[in-house]
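What follows are several structures.
Next come two complexes, and both contain subunit A; in the first it sits with subunit B, in the second with subunit C.
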Partner chain A sequence: MTRNKINISILIAIIFLGILLFIINLLVGSVAIPFTDLFDVLCGKKSNPTVATIVLDYRLPQAVTAIYAGAALSVAGLLMQTLFRNPLADPSMLGISSGAGLGVAIIILMTGVLGGSALSTMGIWSNLGVSLAAFAGATLVLMLILGFSSRVRNMTTLIIIGLMISYLAGSMTDIMKFFSMKEDIHAFVIWGMGSYSAVGTSKLMFFSTSITLGLFASLFMSKNLNILLLGDLYADNLGLNVKRNSIFIILISGYLTAIVTAYCGPIAFLGLAIPHMTRFIFKTSDHRILVPTVMLIGMIVSLLCNIIARMPGLEGNLPINAVTAFIGAPVVIWVILRKR
Partner chain B sequence: MEVLKVKDLHIGYRDKAILPPINVSLNEGNLIALIGPNGAGKSTLFKTLTAYIKPVSGSIELMGKELSSYSAKEKAMLIGLVLTERPDDMFLKVYDVVSSGRCPYTNFFGKIEKDDENIIQESLEIVGINQLKDRYFNTLSDGEKQKVMIAKTLAQDTPIIFMDEPTAFIDYPSKIELFSLMKMLTKERNKTIIFSSHDLELLLRYTDDIWLISKGKQLISAKKDDLIGNDILKEYFNLKEDIKI
Partner chain C sequence: MKKIILILFSAIYMMSSCDVVSKKSDISENTNDALNLVSYAENFEIYPLEIGYKLVIKYLSSQNEYYLLSDTVSIPNNLTDKTIIRTPVKSAVAFSSTQWSVFQKLGEIDKVKGILESNYTKNEDILELVARGKITDVGMSTNVNAEKLINLHPDLILYTPYSGVDFSHLGRLSGATMLSFPDYLESHPLGRAEWMKVVGLLCGKEEVTNKWFDDIVRRYESLSDKCSKIEDKPTVFSDLPFENQWYVPGGKSYIAKIFADAGGDYIWKDNESTGSLHIDAESVLLKAQQADFWRVINSYDTPFTYERLEKENELYPLFKAFEEKQLLVCDVRETGYFEKSQYEPDILLADFIYHFHPELLTNEWENYTPKYFKRLVK
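Up next, the complex of A and B:
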């Protein structure tokens, strides 16, 4: 009982922290915005049009993107870790991010070599094209993994297959890049660093709705995820259709990762580190608690990373991947050491 | 009442049978030991009887109905399982493991109702681990973990329980404790328990029937009294030395 009370206090503190970080996200950047101005803009009062543009067209969509991407990647990581009962599992391990990368490389090569012009010169189409290609690549790998998962019973085998697909996609990407135009290689490298700014107001609705769907689906998996903790044989004995359940979990996790990767690039370490942080904060392995709290902590850490990436004094943004790795990698090392 | 009836059962993987056809039947409230060397097919037999793998051919009747005709949920309410593999998760609590036994009965979100809570509590008490319920499973000794898995199976509330080598990896006093617990469950709670074990001398003191299994041989079901002062074991397992029981 006392543990429950502690958890509820932690939860309230975390929600407040989240709101605070969200506001800081709107205030901080290459142009600092005073709190009163922000308040005016958010309340719809008359205000400086430049400030309104910065907040409403840039920072607000970016902060919302950070929230959704953080929640989605973290839950995707939790699902993979429980399914494979492996603390180092995350969707990128199954090759889903590499698949997205390959998709992006293919579209860049196609427009560059066949179309005769660099993709980066094609304005709005380049953004949309990159997102679509990334999603197609991720989905293709996801389908491959699902195909294999219905054939192999052993989850370790599936991880190895995923890793190999990841290498294959990676090497194909490198070959594509070799034949691409210089300007586009630059575009690819930028995509690979990850960014929350590419979604923008126009695509935010689609982005957030698709992710919300995936997050809801993962909430419904809580009971099955709890049973999976006992191992496949026990889960089967308790009436769970282990194979069908694995397919659902891979599908939800892959879907969430594919959407985020398509719009924001391959963002590393959130999926790996956030589930561990959440388990340690709430000291539980009950997924009815873990799934929603992992979403919450994923949102918060993602907002924090976005603030660090846009620290005042920095001209432009740091790549988000540099920040997530900086926070995520030590967490993972700490977890591995604690486990012994 | 007859809980299990096995007729002309061939067990194995894919289409390959590994043993001659098996014919056995079991009444409720019996404690059955399955003994035989490693690799004889004990695990395959257990996996087949618990419907984890399909039989090559033949029939398995459970409570008067063909095993394959039950839904996954119905099976989960009939057959309980205790394995040698153990959950391994840092923050898994004893209570969580035991309450997972209620999974076939709870709703979509696994909500524990009053009735479930009562059965969980009772299971913890029968096994004698009520004081451990808030501990993390990973911090327990092997013997304690074994008890938790048994409590989980009792919470599952099934008439039949299969245990795969329950006495392996635990110390001698815990073995005796475990055997008397199994005996109590069959005699006082009318459970039917089938377990595999290598602790021949000990298990003879507690079990009702013993199933002998050996590579390529017909499975035979023997009464404990038949084995005592007899050469059945020596002949069945091709031993050179006499076994005095």
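Up next, the complex of A and C:
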């Protein structure tokens, strides 16, 4: 069989796996729901209202969130790894996640300190507040990085700047936590654990549309990403505006990370691990194949992590952040060892 | 002509609406401060209505209103778009132990279908109900298990609000009314205790909790009156460091108030915070080294001894209260401190008076033995 044919059969298998994991996501949780009940609910038949609520209003939006978040973070990671030609690059490296964390810390902890104007009391802000703050923090860092990227030519320098911004934002967050009341740290703890359940039905439309936009943009970049792989000089010779292209890539990657982090909290590891897994499975570095397959595998691993986080034996949901690293780290080690 | 038709229509409309009014007449809402049935708590107010109560809960700058009506009366017209809670409530989920402990004290624990963090309580009755499946543990306050909560179909969810945390989706998903319960924000010990009235209203047993509360106030005030004339006040400080960080109660916190009312001199009394203060070890040593008493909460499963504490932190023996064995220790496991002490401020006060000024415990307090805070002797 040629590589192409193998890839197509792998692809079909993966899509089936994805559908299976999606159904398991709807089936598994702390409340046991028999398959027949699930089937009734999904077919719109008359069923127990509790089961319907749990499946349609809780598990379904969570599974859809997992799909979008997984795809977004994984593509963001791929873009970073290609742009920086660094296998360890991931969206959190540029300080975008820490920036989001700082945004959340500012809004939660400062309102606590100022008193009398708690965020959760500001009507519409109560829903959007934390997400908006995270997005603002992430965007601010993204703008900073873009500003630096037009001044420094060397991508390694930019990574170092990103890491430093990340440390800065992290330490500012810690300082703020240090000066806050114990009760005010609550919201920060919740956000920091990461969760796919925070999006919910009401915000799902906005969440999925914003991410779809970013995903499409990254699909259009596939060709340019291939050219970048050849090195800046070659890319220049082929008529690619390397600087403008880099800015686009950072913008897309940062945008996707910012949205996911804003709604789901900082979710580690998917961005780093999925591109490696995908390259290993499809044995290619062609971004026309990699970008869509990274999305697909990102979705699947994310769905799998969500199932593990909500296993019936585990009382309460595990923080998704813990599960992604638990799954991701061994996979990356294994992939790297197999490569040698 | 148009005018006549208009008048005619409005007349018909008014007649028809009058008809409805006669069935379910509007009720007048008088929220004059003088009618507020709450005297110490600052974060809730209760106003009597002709057919129930209006409960106002404040959390920082927000305010939520609830109308508590007995399930036998019909809802008046002018309240149809308000948040109505039918009393007595049939099923509730209580996020905090300070909520379910009042249900328990009222003999209404069967109304509580779900609680959080049952692994933190040492209350054997509750643990047994959890083990028998009568009460479901629905997770942690940082990670509520929405599925289990929905599955309980509660009418009411009593939650502790925190800045930036949005619990409203739990109400939407489960169909329950969300009742905010920011009791921890009260800075007066009697204000904290007064929150029992909210649970009393919910259970339709407001007369019981009113009576309890009045008794508490009477006892608390008679004790604090005795201490108010004291000139010689022993100095006191509070809490052990957690992972080498010292958090101590602010100068305007309810603990500071109890120290003052017990005739003690809290070393951070001039601080303006109602929450907890973060203080570095050097400042603690500087201010607290010569303090006479040291209030300590023991959340561990094993009892404290001076020897064990000394092994934990070599700074401890530098404190006068440690050297003179004047640690006032509360064993959380044994006393149920976190769920019960909030509703016994008079007992807490008596505990400290017992140590600060034992001679003042007279009449009904004679032969008193401390319930929560005992001096650590060994």
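List of remarks:
Criterion: the second predicted complex is superposed on the first by the 321 of 340 C-alpha atoms of A that agree within 3 Å, B and C clash if a C-alpha of one lies under 4 Å from a C-alpha of the other, contacts with A are read in each partner's own complex, and residues count from 1 in each chain.
Methods note: a contact is a pair of C-beta atoms (placed from the backbone, for glycine too) under 8 Å apart; a residue touches a chain by one contact, two chains touch by 3 or more.
What you see is a predicted model; the values in this text were computed from it and never measured.
On the superposed subunit A, the positions of subunit B and subunit C stay apart, so the two partners fit side by side. By the document's definition of touching, of the two partners only subunit B reaches A:R288; subunit C does not.
Within the superposed three-chain model, A:L230 lies in touch with subunit B and out of touch with subunit C [touch as defined at top].
When both complexes are overlaid on chain A, the residue A:S30 reaches subunit C alone and has no touch with subunit B. The superposition of the two structures on chain A yields an angle of 150 degrees at the Cα centre of subunit A, opening toward subunit B and subunit C, reported in steps of 10. Set side by side, subunit B and subunit C differ in how many residues of subunit A they touch, and the one touching more is C. By the touch criterion defined above, A:G129 lies against subunit C but remains apart from subunit B after alignment on the C-alpha atoms of chain A. In the superposed model, A:F326 makes contact with neither subunit B nor subunit C. Looking at the shared chain after the overlay, A:A187 reaches subunit C, while subunit B stays out of its contact range. Of the two partner chains placed by the overlay, only subunit B lies in contact with A:N241; subunit C stays clear of it. After superposing the two complexes on chain A, the closest approach between C-alpha atoms of subunit B and subunit C comes to 42 Å. No residue of subunit A lies at the contact with subunit B in one complex and also at the contact with subunit C in the other.
Interface residues of subunit A, counted against subunit C in their complex, comprise 29-31, 50, 53-54, 57-59, 104, 107-108, 111-112, 115-121, 126-127, 129-130, 178-179, 181-184, 186-191, 193, 195, 197, 200, 315-317, 319. Those residues of subunit C that touch subunit A in the shared complex are 59-62, 137, 139-143, 145-148, 150-151, 153, 161-166, 168-169, 172-174, 184, 247, 273, 275-276, 278. Put simply, subunit A touches subunit B in their complex at residues 85, 220, 222-223, 226-227, 229-231, 233-234, 236-241, 279, 283-286, 288, 339.
Those residues of subunit B that touch subunit A in the complex are listed here as 50, 52, 72-73, 75-77, 79-81, 83, 85-93, 96-97, 100-101, 103-104, 106, 108-110, 152, 156.
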